[in-house]
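Two complexes follow with chain A in common, the first pairing it with chain B and the second with chain C.
Coming up: the complex of A and B.
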């Protein structure tokens, strides 16, 4: 028993506790206030996933970038560019969407790797490098088209319309739960990415090198870890996540627009940070990021249930949450600086 | 015994300075070989050359008879050369166990085997006498434990050669013994250990041989039996001495009243139990090797590292100095060792640099008028003979000796009762040195008490009214009058007296 307590009291888990704790508190408050109006239903819960899956997918890659101590501002623009490739390619050029998606993957991952290379070998700060990447991707979006393009293709329609309904047994027959709740392709993709991300971070040397670099890059080099390769691959992987997020968003809105997802990179960073990822690097987890996405999406849900508040209150509440988490991080960092001997 | 490592005729040149000049070094299997020398002797450069951080210009390195050219520390590690640096080079956010195994984690089904990592880390550290929870982050533990963890990592990579660069500077006596026990075990297993330290006691306790470097040159390699401490220190400092102790000055100081009295002050792990009385107008020299605690003592007196015990009296009144601000208010001044980093502000003019400390003491609500500033600056420029066309020249454009004079002027302007000068004559030419020494003596004659830290013994003996000798972070002797000779001080520094 004391062994379990010792394990649970490991300071490594503090940030996850904070995220999960605050999510449960807000969820509890929502249940208390709006439980009678259906806040507690499975549908409300699942909708938080459906409406934010594309943020979540991108946050998986962003979490890794932030753990290395970097940042990537290009994710929104790359996701938007993916939408443009799919929309323009499918609707205007009549190319099969699978080809468009593959092309987007090559471009997105390639841009990520290139930015990682510039950051590592030319010593350009990640903020500047990825800002440049953002302008580049956004510029190409507008080159392709400055009008919104609808996506019309049977494959996209069937992918977007594909659903798994939640069922339960009534009198021995399987029926859909009421109110109807389902998960779609985006939610599955999000959850799969979280699992893949967890596996990479916890079970591979590559993942542990990411943490080591964030903890102390100089030390990581002196310990003989492949710092350059790891950093470049992290930005490449984040490019992959941006493209998948763009695909997910395209399925969600079924169109491509050059100005879509403006500022999304900041929402994605917010998800990761309120999920317990340290902006200075070295700390973060996929479970935390999953709850970070939920935390960010529960606020608009609460405002919808309230029905009186303007939606802008959502921005304010998100800001307050972000501030709260940055304060908690500051406290944790200074607290863990206190040394003790055995 | 055969050499596992041979470094032959190593030469490295940095812009303007030859860091290593045809240095030979060899290491046998199963020996602890100390590398000794003062600051700038080339110890670190030699180590960095061996670990691939610095590239050598000429020379060769043979490991087990085969030539190697380490590209970076990672490459050196795969060759079997592990290094534990003075600053702990681990990741504070990773667990203790992971810090030992990151980059070479045991795998199972192509996944990291955490259970195995934690088990082996526990096993390894308990061999070092450490029973700790290895799953906690490294930052959770003390520096000593972190140091042990980094040694555990270095040892576990199956190294043939282990380099320990000042590993003991943050350890207490018990922890040092623990480290030595581990070192002896490794030695018995046939590992060659290169040990760098400033503590001569430790050198004689653990080493088999020692190599002494001075100013990038090899002085020699000796077994511990061959070389006594006095000869060792003489080789490290390596000066022919001249200069006599001035008896009149000592007597003059004898008759004045005490300015600063400190008794039994100390900071755990830095300086232990320091007591000293300085008379008004007296110059006290601090002698000792690098790392003997001279600078730490000065920082403690000035409140930069507040003392945790003991008491201080200034002109007979009890004072408590917890911060440099407090020290300034009590008319103390401190001129730190690293002029470029802690002293000058290169982009400000001479005038601005001079008035800095005085203005800080007055508080920013009471600014000095420009006329007053100019007056002060002109006064000190002519008084100290600072070579400059006018007071508005940027201090960064002056020579080292003149920069040092400006810093002296900064503190003289505050008219301190006690002035602490840490290596004020380092890195300036001989003429400027003599002028700085003259200025110090003039200030003493005007009633200021001066603490003068220097690595050059003749300078200390020539200027001081009293000499404090430091060794291993302790004051070991206080000398004045006839006993204040080069020979005597050297013997005390070496710990032979």
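Coming up: the complex of A and C.
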């Protein structure tokens, strides 16, 4: 019993408890205030996933990058570039979307690997490298087109329109839940990515290496872990996540625009941080990130339900949440440090 | 060796100017416009337009030398504009007579935005110095919140003003030069004096190289960090006044957008390392001018403004790769081999 308690009081879990606890508290407050207006319905809950799936997909890769102690500012621009490739390719060049997506994957993963290589072998700080990557992707995006392009293709339409409705049994017949709630391709992709991310981090050697590098890069090198390969692959994987996020965003808005998702990289980082990932590296988890995304998406939902507040309050609330979480992190880190030294 | 990092940026700048000269033989020509009492020319324009970034980058240099970054400067630019225009707008609403734009003294229109921005900079500084947070995260808070605050201050509206004294800051002339250039020169001169003629610059470098060692040798590291963030807040406020005076309006969504990125790039191109330690204000000025020159050059090729980012990225990538440690070591080795 005491072993279980000791295991559960690991600082890493405490951050997850904090995230989940604050999410439940805010959800409960929302239910108390707007429960009669339908805040508690399944539809409201599922919509938080639908509206933020692209952030979540990107946050999976970002969490890994942050755990290694790095940062990636290029994700928003790469996602926007993906949307632009798909829109320009299908609507103007009449190429099959599958080809466009494959091309985007090559470009996104390639750029990620290149940035990882520059960070590892040229010793350029991740912040600067990925900032340059962001400028490059955004610039290329603007070179392709400055106007918003609609995506018109039957495959994209069917992919975006694909839904699984929540059903329940009434008098022996399966009927749709009222108000109608469904999950779409984006939500499935988001959840699959979370599962894949959890598997990589918790169950593979690659994942252990990620934590080891974040904990202490020099020790990891001295232990003979493949630091260079792991770091480069992490940035490559994040490139993959950015492209998938771009695909999911393209399905969500069905268009490509060179200025879409501006500043998304910092929203994604915010999701990861309120999900308990430490920017100094070494600590973080996918479950935390999942709840970080939910926590960030519940604020706009509450503001919508309130109906009187300006949407700007959402930004301020997010900032306050961020401050709160960093304070909790600081306390947890100093507390666990004291415990270890005692 | 000390100046070798700046040398790269200077060479890149000279090269870019030569390319400009090849495309436009009259690139360096400067003409005088008696109606505005101002000199016009491409060089003047580059200096004028780079002033917002240069001013912010002065503070950013200190923060990067301390081993941190400040992401909130762009949001502070928006806040400064919102506060200034709010003060100017009140008067329009209450009096509605042209020429009588301000209830409160114009002095306060200039000072209050700067005070608000300095306080926000102090908030960042407090979180980093006393709270022990990572600068990137501590300033991310205001980066996220700041634009929200600016929107709430102005009720999400965009005000315009025609108040002539306010126009001078961004569009006026002094000594035949645009006022932003004069402000930049004053700020750069002050920062150069403050960091090189007082002990502050040395303290910053000491804290940036090793915070605990500098604390043990008697430097109040927390106070140095706090002051650096407060200065950056103040400078962002000045930059925000220039920006909002240029457009004679506040734009909480777009004012100062990506300024933090440009300022950090200017500092890094100027040879100050992101890991902290030694810094070069002169390098930062050159870095900022270099970024603006790239934008000007790209306009000459008739390329849309958003796409300048791609070219910016390419040139910056070249400068940064040339500055990176392994590449410099490689060249140093070759130089040594050639000598022996």
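Here is the rule we use: the second predicted complex is superposed on the first by the 333 of 342 C-alpha atoms of A that agree within 3 Å, B and C clash if a C-alpha of one lies under 4 Å from a C-alpha of the other, contacts with A are read in each partner's own complex, and residues count from 1 in each chain.
To be clear about the criterion, a residue touches a chain if its C-beta (ideal position, glycine included) is under 8 Å from a C-beta of that chain, and two chains touch if they have at least 3 such contacts.
In this text, all values refer to a predicted model and were calculated from it rather than measured experimentally.
Undergrad: For the combined arrangement obtained by superposing on chain A, do chain B and chain C clash, or do they fit?
TA: fit
Undergrad: In the overlay, work out which of chain B or chain C sits against more residues of chain A.
TA: The larger set of chain A residues in touch belongs to C.
Undergrad: Touch test for A:204: chain B only (first), chain C only (second), both, or neither?
TA: First partner only, chain B.
Undergrad: Is A:223 contacted by the first partner chain B, the second partner chain C, both or neither?
TA: first
Undergrad: Per the contact definition in the header, classify A:152: touching chain B only (first), chain C only (second), both, or neither.
TA: A:152 sits against neither chain B nor chain C.
Undergrad: With the two structures laid over each other on chain A, which partner does A:313 touch: chain B (first), chain C (second), both, or neither?
TA: second
Undergrad: Contact-wise, after the overlay, does A:330 reach chain B, chain C, both or neither (first, second, both, neither)?
TA: second
Undergrad: Could you tell me the angle at the CA centre of chain A between the CA centres of chain B and chain C, given to the nearest 10 degrees?
TA: 70
Undergrad: Give me, in Å and rounded to a whole number, the least C-alpha distance separating chain B from chain C in the superposition.
TA: Here the least C-alpha separation of chain B and chain C stands at 6 Å.
Undergrad: Over in the complex, which chain A residues touch chain B? Could you list them?
TA: Within the complex, chain A touches chain B at residues 6-7, 10-12, 202-205, 208-209, 211-212, 214-216, 218-225, 282-283, 336-337, 339-342.
Undergrad: What residues of chain A sit close enough to touch chain C in their complex?
TA: 71, 73, 118, 121-125, 127-129, 131-136, 138-140, 142-143, 146, 258-259, 262, 266, 269-270, 273, 279-280, 310, 312-316, 318-320, 322-323, 326-327, 330
Undergrad: Where on chain B is chain A touching in the complex?
TA: Those residues of chain B that touch chain A are 72-75, 77-78, 83, 85, 88-95, 98, 102-103, 105, 111-112, 130-133, 135-137, 139-145, 153.
Undergrad: What residues on chain C touch chain A, complex-wise?
TA: Going through chain C, the ones touching chain A are 69, 71, 127, 131-134, 136-138, 140-145, 147-149, 151-152, 155-156, 257, 261, 264-265, 268, 274-275, 303-304, 306-314, 316-317, 320-321, 324-327.
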